[in-house]
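In the two complexes that follow, chain A is the common piece, with chain B as its partner first and chain C second.
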Partner chain A sequence: MTASLTLQSLVLGVLLGGLYALLAAGLTLYFGVMRVVMIAHSALLILAAYIAWFFERQTGLDPLLSLVITVPLFFVAGVVMQRLLIARLRPATLTMMSVLLTFSIALLIEGLLGFVFTGTHRRIQLPYSGTHFEFFGASIAVVKLIAFGLAAASLAALYVLLKTTRFGQALRATIQHPDAARLVGINTDRVAGYGFGLGLATAAIGGTALSLDSTIYPSLHWHWIGPLMAIIVVGGLGSIPGAAIAAMALGLSQSLLQIPLGTTWAQTLFYVALFATLMLRPQGFFGGRLAQRF
Partner chain B sequence: MHSVSDPRPGRGRTAVRTARVVGLVALVALVAAFPSLAPDSFILSVGVVIASYAVLATSWNFVGGFTGYISLGHAAYSGLGGYATALLILRADVNPWLALALGGLIVAALAVPIGIASLRVRGASFVIVSIALVLILLLVFQSWGSFTGGSNGLRVPRPFGDDVLRPEQHERFFYLHAALLAVLLLCWWAIDRSRFGMGLKAIREDEDKAQSLGVPTFAYKLVVFVVSAFFTAIGGGMYALWFGYLDPIFQFSILVGSYMVLMSLLGGIRSLFGPLLGAVIVGYAMEFFKAQYGDTQAHLIAMGALLALVVLFMPDGIIPALGNLVNRFRPKAASIRELTAEELTVQREQQEVRG
Partner chain C sequence: MKNAQKLRAGALVTTAALVLTGCLGTSSEGGGGGDGQDPIRIGISLPLTGDFSEPGKGVRRGYDAWAEYVNSNGGLLGRQVELTILDDQSNADRVAADYEKLINQDGVDLVFGPFSTRLVVPAAQVAEDYGFLFVEPAGAAEEVFTQGFENLFYAAPAVADDHYNHLAEKIISMPANQRPKTAAYAAMDDPFAQGTAYGLKDKLEEAGIRTVVDEVYPPNTTDFGSIAAKIADSRADIVVGGTQYQDAVNLIVALRQLNYQPKLAAFSTAPTNPEFPEAIGKQTEGILSPTGYTPEAAFPTNREFVDFYTKLNGNPPGEDEANAWTTGQVVAAAVEAVGCADPEPECQGKLVDWLRNNEVDTVVGPLSWDEAGRPQSAHLIQQYVDGKIRIVLPEDSKEADFIYPKPKW
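Moving on to the complex of A and B:
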């Protein structure tokens, strides 16, 4: 393995890890506010990618512009989904039933995408699709860099939102202790709805970033949900920084392992990490008290 | 369905018991007569498919029904059972029926570490592991072509000689599946009435309380999980022997696992016959869909919509709903009954409103 090849996969790993981190942050938000394991997250990711592709094909404009539509749309869809569907479930069986509900949403999205756009593999062709630049002997595609920039910027915005605003404080309080949050006057139902909206918004951004340099097809979401789930468990359920760190670490390792093992076997890394975490440290590496009980 | 028998006024009780016995006899007679009633070999094969689904859903219900832990990845165990059976026959030249039993035992042994990893914490991690397991097995069985046949699939030799024709094969396997189902139902029923079953149901209703009352929650969950994996593997192996062909895409498919969930949930996971009823309804609907629309994405949409409807509007399933309907016309039970944590909360709230 030459030095430049290693550097190349290191860079690619960081770029991939950024996208993983954004999506895992979304999954963590759902879990934090409602204790919901959102299986439809990656299906929504693919849906956003399809919207970006369709937008580009219909208008000829840059697919990044579709964010103007998809982010607000997905945010509203998230609030609606939480208020109308998830909140209807009985609290006693919420975790299990919400898994099934979000699973059925994932199936519906996959089925509808297949129905409307057929199973054909789709890819966006951009004028700058093939553009590369050299970085100490490693060649990096511009589109990958844009995707990473988008993910990093959104993650930073999410961080600022959670840490500095009143809403962020309310959201974190709801995640930590819903009952106590209600006692100090936080409308936890509304906050949970917005938390869901934010989670879906990360899927919208991630999907657009994904559409820039990947081939998409309706059943692609199964390839994403497994790694993402592994990331949030390794990071500790409910911990956003934990999810981001785990995403970076696993994304990097996957990229490095691809060289000796090939893409398929490198993917199994996520599952090995998942089982190892549950055996050694079931609460995850950055999760606290919250994760222990789930 | 109350497993703690409640002494109701005499006449109603005997009537219910008689109705149950008659229903059971009718069910057995129907199953026994099905192969001779089926007009052609295709209908017979649909019957085998439905019987196989009933076996898988009932096996799933050992974990789902008793503990309330919903596994979306039981296809992992049916797939492993099928592959273990097939590989033992092909690579080690073992007798098919022995291979089936050995396959079940191997999968049960594999389920022990998986169960330890996924049951130490509560539901969310369990679900995540169950999904991850199917995805990882799909990857492994597709890539490890030299051993598993890879994406080309694996042909399983038939256990009966070549002189046994196809309709005859279907008929034999229908009875084999039915016999396996009977064993499963008997086991479920026995656990349901045992102390072990009470402990499991306590976990389902409130795991913290069960633990503080001295139920060894982790050990109980692990045992029933391994039992469920064993039966699922036997079901998968039986299917492999009948179908004669294994493809990782269909064996390790999240969809197969979710069919088991949907069937059990639709029929009612707390009822003995719930998964069987669900399997008949969903299995028939699926075969109908396949015949009508072929292999389009329509079945995904139908499956997703049906699952969402059941979860939102009928999470207890058909059998409890029918049971409530019947109970309206019966005298109110006064003695100890089984209540779910949900029902208790509702009762308490009503009392608070009154008081």
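Moving on to the complex of A and C:
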């Protein structure tokens, strides 16, 4: 294991961790706001990736521009999905039933993508897909850096939104104690709807980032949902900074472990981390007890 | 009350069972006759729904086209052929039951194989039990040929391990100063994909080309950054991928991002996919791939097949269609030579013996088999030359010259 390979893996790990953080952010938000386990999150990522691919193919413009359409569209879809579907589940069985409900949404999205775009694997052909620059002997691919930038920008924006705005305060209050939030006059239903919309908006950004540097197909989301779930449990359900730190830690270790262990064993890292977390610290390493704190 | 309900339900099930068996009984009596002018009935089960439905439908198009071609040219032994195609839903239990039904109840005269290793093995077992000849269009993995089947023949040029044979010969025959010295291999953990890469690896290692990277990754791998980093760090002269589709595309892009420039790059399956140049763009130049079939191949019956198929379906056939057609050609050659097509063990045994000892001219070239049913040819090697995928090896079928070293990607 040479020094240059270690540095290269470190760089790849950081970039991968950033992408993981972005993809997992929405997932932890749904759970924090509503105790909803959103199996369809990764399917929505793939949907956004398909929209980016289709946009590029139809218009010839950069797929990043599709964000102008997908972010508002996904936000509205999220609000509608929360108000029409999730809000109807009985609070007592919400977490359990949300698994079934969102599982069916995931199947629906996968089926529709297969129906409309067929099962053919697609990839956006970007003029800069192989472009890279040197960094102390390691290469950094431009597409990966863009994805990392999108992740950093959206997570920072989310953080500022939740920490400084009135809506953010209301959302955090809803996360921490919905009854108390209602007592001080917060319309928790509406806030929860917007929170859900926000989660879907991150899926739009995440899916577009994903589409820049991967080959997509309708059933791809099954490969993503497991690792993403592991990340949010390790990070502490409901905690966005926790998810980001866990994503970075897991991304880096996966990339570094791949050199001595090979791909097959490096992939098990997520599940080892998941079991270790559940045994040693079920509330997650970075978040509070089931997201009581942000 | 409860008992009465149970009784009623039981009666219903019994009636249904009687009706169903009654129906099946008449249909098998209707079809099993044997005087010379009855059609030859061929039973097939294919994955028309489920995991393998895309290739399964391709195989079906190939079989249908073949039957139509044979019937419009006077049939087999002067009899028309009639296909009975069942849907096994890509399910290994179902496929065995399907062949059981085709042979036992429908009384078909011949059977053709289904698609893919996972379904070929249970289906071949049934055919073996009834002594039926079993020619199959897909199922190239080694495990198909190690089950001890005596009636099985794979109707394609080569098993997975032999796909790269022409390329191996070419590399080994290069003058010492040009010949690559090191090689990196990355293969999906899948019997077929891994077989292709390791078949080449074994031959090159024997010739003294050192293996510097040997990575195996699970089929669900989507991030190839780390594998690419290992390969790039090794500075191997050549890179070989035992790949399906998305893994090859992702690996190639990841290698480009790390500025790794090998002298030769070969990947199985992916480069022959029409979507491949859409995904990779201009950087496909020089990429190699083995292929079991191309409509451009100059084998004697191929032109006729391509024309007939294109007229029927509006587009040229792919590999699945070609392998199905090949299956038809192989069985037809045996039937014409032996002069019988009926389910009797005597006739089926003669068909098997004939194929064991003879060569058949097909759209994928002349085929002959070893005792286990492994075809004895090798795949054509194609390469992207001037943006188009062309046959470059072997020399006598080439459409363009082999490019070495590969231009930068």
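By our rule, the second predicted complex is superposed on the first by the 290 of 294 C-alpha atoms of A that agree within 3 Å, B and C clash if a C-alpha of one lies under 4 Å from a C-alpha of the other, contacts with A are read in each partner's own complex, and residues count from 1 in each chain.
In this text, a residue touches a chain if its C-beta (ideal position, glycine included) is under 8 Å from a C-beta of that chain, and two chains touch if they have at least 3 such contacts.
Everything numeric here is computed off the predicted structure, so don't read it as measured data.
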item	value
First, second, both or neither for A:Q58, with chain B first and chain C second	neither
Contacts of A:M279 with chain B and chain C, given as first, second, both or neither	first
Touching partner for A:S255 - first (chain B), second (chain C), both, neither	second
Partner chain in contact with A:R122 - chain B first, chain C second, else both or neither	second
Which of chain B and chain C A:T215 touches, first, second, both or neither	second
First, second, both or neither for A:F31, with chain B first and chain C second	first
Chain B versus chain C as contact partner of A:Q267, first or second or both or neither	both
Greater residue coverage of chain A in the superposed arrangement, chain B or chain C	B
First (chain B), second (chain C), both or neither touched by A:S104	first
Doubly contacted residues of chain A, that is, touched by chain B and again by chain C	119, 264, 267
Residues on chain C engaged by chain A in the complex (per definition of touch)	54, 189, 215-218, 220-223, 225-227, 229-230, 232-233, 245-246, 249-250, 253, 256-259, 275, 278-281, 283, 409
List of chain A residues in touch with chain B within their complex	31, 35, 37, 39, 85, 88-90, 92-93, 95-97, 99-101, 103-108, 110-115, 119, 218, 222, 225-226, 229-230, 232-233, 237, 264-265, 267-268, 270-271, 274-275, 278-279, 282-283, 291-294
Chain B residues within the chain A interface of the complex	68-70, 72, 114, 116-118, 120-125, 127-129, 131-133, 135-136, 139-140, 142-143, 254, 258, 261, 265, 296-305, 307-308, 311-312, 315, 340-342, 345
Touch list for chain A against partner chain C, complex	2, 4-5, 8-9, 12, 15-16, 119-123, 125, 129-132, 139, 141, 143-144, 213-215, 217, 220, 223, 254-255, 258-259, 262-264, 266-267
